[in-house]
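Pasting the structures here.
Both complexes below contain chain A, partnered by chain B and then by chain C.
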Partner chain A sequence: MSVPPIVPAPTDPPRTTVARRLRAPVGWRYIGGRLLTGLVAVWGAVTLVFFALYATGNPAILLVPPDAPPDEIARLTHLLGFDRPLPVQYAHFLASVLSGTFPDSIRYGGDPLPIALEKIPASLALGLAGLLIGALLGGLVGYLSATARSAWLGRVPLGLAVSIESVPTFFVGIVLVIVFAVQLGWFPVTSAGDASSLVLPALTLAFAFVPAIARVFRTALLDVLQAEHIRTARAKGLPRHTLAWRHVIANSLGTTLNVVGIQAGVLLGGAVVTESVFGWPGIGQLSVNAVQNRDYPLVIVCVLVISLGFVLINLVVDVLAAIVEPRLRS
Partner chain B sequence: MNTRPRRLLVGAAAAVLLAVLSACGGAAGGGSAPRAGDILRLGLSRQITGINPHKGGSPDSSGSIVGSIYESLTQIAPDLTVQPSLATSWTTVDPLTWRFTIRTDSKFSDGTPLTADDVVWNFQQLLDPDYKGTAGAPLRKYLTSVTKVDDSTLQFNLSQPALDLPGRLWSIYIVQPTFAHGHNLDNEALGSGPYKLDALDQENGATLSLNPYYAGPKPQFAQVRYTVLASEAQRVAALRAGEQDLILNLDPLDLAQFRNSDTYDTVLGVGNQPLTLAINERKTGTPLADPRVRQALNYATDKDTIIKSLLQGAVTPLPGQVLYDPFQQPNAAVSAYPYDPEKAKQLLAEAGHANGLTLTVLLSSGTYVSQDAATQAIAAQWAKVGVTLKIEQQPFPAWLQSQYGPDDQAADFYYIMWGGSFRGDVTGNFGPFRSDHIQSHLNAPEFDDLTTRAQNATTEAEKTDLVNQAVQNAHDQAHAIFLYPSPFTGVVSKGLQWTPKPNRYLYAQGVGRVSP
Partner chain C sequence: MTAPPRLLTVTDSAAAPGEAAEPVLQLTGLTIGIDPRGGGALDPIVTGVSLQVPAGRAVGLVGESGSGKTLTALAVAGLLPPAVRVVAGGIELAGREVTGLPQKEARAHLAASVGVVFQNPTASLNPRMRIAAQLREALPAGTTRRQARERVAELLVAVGIPDVHKTLGAFPHELSGGLNQRVVIAMALARDPKVLLADEPTTALDVSVQAQVLDLLDELRDRLGLGVLLVSHDIGVIADRTDDVYVMSAGQIVESGSTAEVLREPRHDYTRQLLAAMPGRLDAVRPVGRAAGSEDPADEPAQLVLEDVRRTFGVRSSAGRAQHVALDGVGLTVRRGQAIGLVGESGSGKTTLARIVVGLERADSGVVSYEGTPLTRHSREQRRRWRREVQYVFQDPYSSLDPRLTVAQTLREPLEIHHRALSRHELAARIDSLLDEVELPRAFRDRHPSELSGGQRQRVGIARALATEPSLIIADEPVSALDLSVQARILRLLARLRVERNLTYLFISHDLAVVRYLCEDLVVLRQGRVVEQGRTDDVLHHPENPYTRALVEAVPGRTFA
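So, the complex of A and B:
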């Protein structure tokens, strides 16, 4: 009679484990659901902006020369179709969008979508540069404030970062221009869309980004540093850099990435002011000028592109966070 | 605790910053004067609103670019006299018929000739009520048709006399019909002017280069870059960094920082447009319907103090009218309302407002030089005679909509800075002060009648007499608060030779180099 072994013989890992390892960090249903929700949000934003804009006034007024007869406003209003009831204009707008075309830009005189899309590379370059500098500076400040033994290092950089948060973006931009462009002459005042023109607007954006990331990263680091597995790792005598990178920083990135995602979305909005201050040829500047000139079709397309960008950035960040922090996959 | 990750983080951040900083070679320099072969750098103080020559454009943005690329039949000299351009001469057949002789050597920048047929086609478009080009709106009031007599002669058929027709045509630019059919004129250009368009970014500026087929004198700069610097801060910073060669429309108080510059000269003079506070006389129950109240407010306004404190004494008060030397012939019998608060109080009491009244002015911030500070000063001056002036601000589109809107929804006062484009321009000089003007809330039937007759006069003597009567009427009825001429300001590189154009059109062909 054979006695069953107390310890089962080692066998191959079950196939389900392999499949689990190869599985995408988030499911396609999850991605599809998020995308669908995002598209509904985009439609809502565009609709809201449409009615808000069209209810505020007649854009034909800005096109009329000052020496025109009074009936010129009525003539232009009719020619541009702004004399139709608002729901009719909205239905016409939706029909245009579904057919793949948008109403002509008033100022540019053509399809506003290519005009907005043409500005995306410049905005992306600025946004990514600002994001990168902001994340690095924010991470550095957060790390210093969480781990520094010196009270000065632990408090002053974070205090500075938080105080910068209360300063409006445009003011930071103007100060940077005065110091680095006018006084020192290191960078140009007016943008030529090149690398040297990128520095000051990117720094301006980064400064807006640093405080939030520094605070969240610091809190996450402090939480992780209190965890039992860190104490265990220390007790096992792990090298400091391995402990810091593999166990402390890596475990703090999940929540921080979520904040980066939210901030990345904010960058699209924040870039509106920064691009205008520096004359950076991005979609933010285009949007502001379109609003000022009551170029309604262009404003709506800008809102569409920016909100789509917001949705996509948040989706990418969610996926990244799920990769870095498996607990978030559920 | 861990020093190595910290060092790594610090190192990484420093590396990124260094990499970004090192990408900045050739940063803005110290503002040297332009040399032969350099690009001419001109600053624009307003956003570009398209470059369609049939849609007009502000002198501070689109108008300057369009006038460097396109030609019209006539042009306006810096002293506001009307000069030949595509047209070499003109004559009247009768009060309703004019003939213009045009050049036959003019070519568009693609080498095709500019013909009489092209000019006729342009006017046909502009006179079409379904055409989107807004520059035709003023034409349709008095022009019936334009016909070709021969290859160098055009006939203008009018519906009413227009002694100043050549002047009125200065802003009607000629585009090439074939190009206009296949291209978007808001963003693309093909003209016969001194320059052609190389690149356009409506948000930030435009780059031009020489039109190789231009028939006129060759401009001195082969390339020109217009840069939009819409805020005062941007204009001042760009000049201080030496990034621009010529910028107009600076606050007179900001000119001081360039006065002793080695690089720049400053310009502080009189512009060709009068600044007035336009009055809403048609609001239901408004006290401003009474001429005594309007006169009182003119007496209560101390123009000299505002000019001295805010405008560096660059101008003198308007002589009680919108016509003033050296751009227009004023009515010598009319003079400025003196600052006399006692007289103002007396008039207000006579009008039944001895206990004071409250009025509103609507501003669009940044639209006119020193406007905000001047308004505060006016409010303080009027308070001394018992008038409370409430100051409201709106963005430009909303401000314009309010101004164009119904009388009862419009504010009591708006600023108007608008004047004739050329000497003797009755429409430009008096248009905004007529009851039927698009911006007007006036009730001025006598003034309307006099200016209509002046516009339709058939002799210069008749026109001058009617203009003088209209000026006297507007002064006596106080249909505006007469303030002062717009100051004309600018900062110009010492390396440039440029005759200031007080109408602010910054044409690239008008800028040359200082002779070595």
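So, the complex of A and C:
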């Protein structure tokens, strides 16, 4: 027989039997690549906003009294550069974005960047709280619906989650305010920016993406439960919780995390509405006000900051996905 | 072969040859039922199975898909799917009756006394855990960290893994199928079981790797006195590797006895049919007096010529980007009326070659000519002709048919593209005659693929290829996903069609017996190169290349078939 011997002698006796190969879970190349894609997305977003603002008319009209003579409008238009050809305006705009120097905020005066940055901690707190609650709740609902033996536990929470999904965010927010703030008085009606006033907006945000998480997690779990390696793990006679956490849940996280990343966009969009409903002093509320005031420098800055945030969240999610999913690394 | 250092505890129950050993596994009247709707009514799928696996012996359980052999094995391991339950009968494992034990106790006893090896090694391992961690989990509860470290390495040495250190730190997707199967076997041995259940342990592996894994199982059985239950559809494997055999059909044992006797003198009809379906035993249908007339194919015009064809794929791995050379300068001539078997192991480039020939893939360099003109220089008319005359039959009859289309719709598509002038009535007539040709009832016209069996689907796949009136058929492992008896019927069909339609075949297979049945000529590919070619019988009887020789020798059941 020309087949090689069955038991070759080990090359050298291993000193430590368990090889711990320490290496970064994700390479810098990977992160760099993702970041580059993200920056393209940011460029797309601000460009879109630039052209959208351009299409909605001459902002100079808003800066003068309604009865201002036409030559006064023309003078201001020229002064602000709105009469230059579109490509020139766009080039100027890109240059200002790249250098971080923006025209003064029309409403507040001064550099709009610090105004937007100042709102980030509040938005971040709300966003993360919403994300955390949503992911946990969604995970729980998904897990129950995939594994519960009783039809009640399997179907009712998922059904509830889906019915909440079909209601708009602002409505959920208003119902929560009426029940928990007005009727029960557990939480403040409008925000004071503190922890107790975080609860209702965070819940509102969370509800917006519990159903998506629940459904994706459920599908992932059902897939993994069918997988052959689960049979192998069962054959080992592992305790139930080890089987559930280490083999079933851990293998279902990859796809779910990707959805969390996509949902982060929904979260940011939801934040704009939620912050307005609850008067939460975040960047969402700031953007809405800026749009209402046609404070275009501030609008641009807000969009820039929000889209950068979106890119960063997705980067973090991608890195996490690569950590839980070794196959993505290579 | 050097014996590895101190290994697993050697059990003393290993019987000396000739001595009747205590059975370590005994099934008595095992009946398994499925509860498809969860209403509590059980349809029996396995009825009254009784079998014995003595210590130190290998027992085969052979049957086709749906015979219940896998469910029987899963029942022993306590791994039945949720809707399936043991209804009656007993499972006695290592001297203890398992049915009727409280769930927790049963699980503990099973974990301690049965090791299981499954069909798809890579899929059987958790993709996100390193090998070391997965092996550690399989050790008996109460093993200390230090003991675990030693033991895990010991197990890998025992299953013949060359670089233990590297393997322990690897993820399953970084290892080959053969290595992963060794890891799974190591895992099965981790708790010193008395019984090893191997469910098609080598079906997903290449022949040469298959032989190595089976050798390993034999060796471990001898050394550790394991009782091995080898579940397989492959009679060659059963013939080579088992002492006793049980033949299963439709949920029942139809015949049993010593493997040599049962295979030599089968008493039950089903066993006889199964044996007759082995591709090595089919009577070849050769095109006698070819339509073209000449006896020597070398006189025929070359239909398809490949010259120095190369194809490289970029592969990303943890080590960075690498180049995988799929085809490394392949030259091949296919003459009209020939049937050429293209043989090689996974990764040898045979599928890439086939895909290039039909235009699903492009060559990096080299020339592929059809009817004397390179594909790249075909005129519109020549291109149409090549598209029509060269057709492909795929390996997987499950995924190569559109699940939403009925059989008639699937067949109508190529007809409409290549014969535009046909009226509705003519189309319907053509579809009927195609169905006749592949021996499918005309009533199957309106069925969807989900309503067909694997063999029936493959017939539809063949009919679809025939629809354009091709002259060259490229078939990529068309029977490897099918049961033995179905495989035999499809092979006969292909042989008949070749004669009737005067077809040329380029037939890709890993199974030498199948190629031998269908093809007079053989080309052996290895790592993207042609290592040997010639008349099939010459190559198989007097292989010149060492690789071909190893391939021929590794085929299971050689002595028997």
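We take it that the second predicted complex is superposed on the first by the 269 of 330 C-alpha atoms of A that agree within 3 Å, B and C clash if a C-alpha of one lies under 4 Å from a C-alpha of the other, contacts with A are read in each partner's own complex, and residues count from 1 in each chain.
In this section, a contact is a pair of C-beta atoms (placed from the backbone, for glycine too) under 8 Å apart; a residue touches a chain by one contact, two chains touch by 3 or more.
In this text the structure is predicted, and so the values were computed from the model without any measurement.
Once the two structures are overlaid, the count of chain A residues touched is higher for B than for its counterpart among chain B and chain C. Once the two complexes are overlaid on the shared chain, A:172 sits clear of chain B and of chain C alike.
Looking at the shared chain after the overlay, A:229 reaches chain C, while chain B stays out of its contact range.
By the touch criterion stated above, A:69 is placed in contact with chain B alone, chain C being left untouched. When the two structures are aligned on the shared chain, A:182 is found in touch with chain B, with no touch to chain C. When the shared chain is aligned, chain C comes close enough to touch A:247, but chain B does not.
Of the two partner chains placed by superposition, A:131 touches none, neither chain B nor chain C. Counting contacts by the rule stated earlier, no residue of chain A appears in both its interface with chain B and its interface with chain C. Within the complex formed with chain B, the residues of chain A that make contact are 56-59, 61-70, 72-73, 75-76, 79, 107-110, 129, 132-133, 136-137, 139-140, 143-144, 147, 149, 174, 177-178, 181-182, 185-191, 195-196, 198-199, 202, 240-241, 243-245, 248-249, 279, 281, 285-286, 289, 292-294.
Chain C contributes residues 1-4, 77-79, 107-108, 110-112, 114-116, 118-120, 123-129, 132, 137-138, 149-150, 152-153, 157-158, 160, 162-166, 168-169, 171, 173-174, 184, 187-188, 190-191, 208, 211-212, 215-216, 219, 316-318, 546, 549-550, 553-554 to its touches with chain A in the complex. Interface of chain A with chain C (complex): residues 1-11, 14, 16-21, 227-229, 231-238, 242, 246-247, 250-251, 324-327, 329-330. Those residues of chain B that touch chain A in the shared complex are 1-6, 9-10, 12-13, 16-17, 20-21, 23-30, 47, 49-50, 52, 55-56, 129-130, 132, 134-135, 137-138, 140-141, 184-187, 201-204, 227-229, 233-234, 237-238, 240-241, 243-244, 395-398, 400-401, 404, 418, 427-428, 431-432, 436-439.
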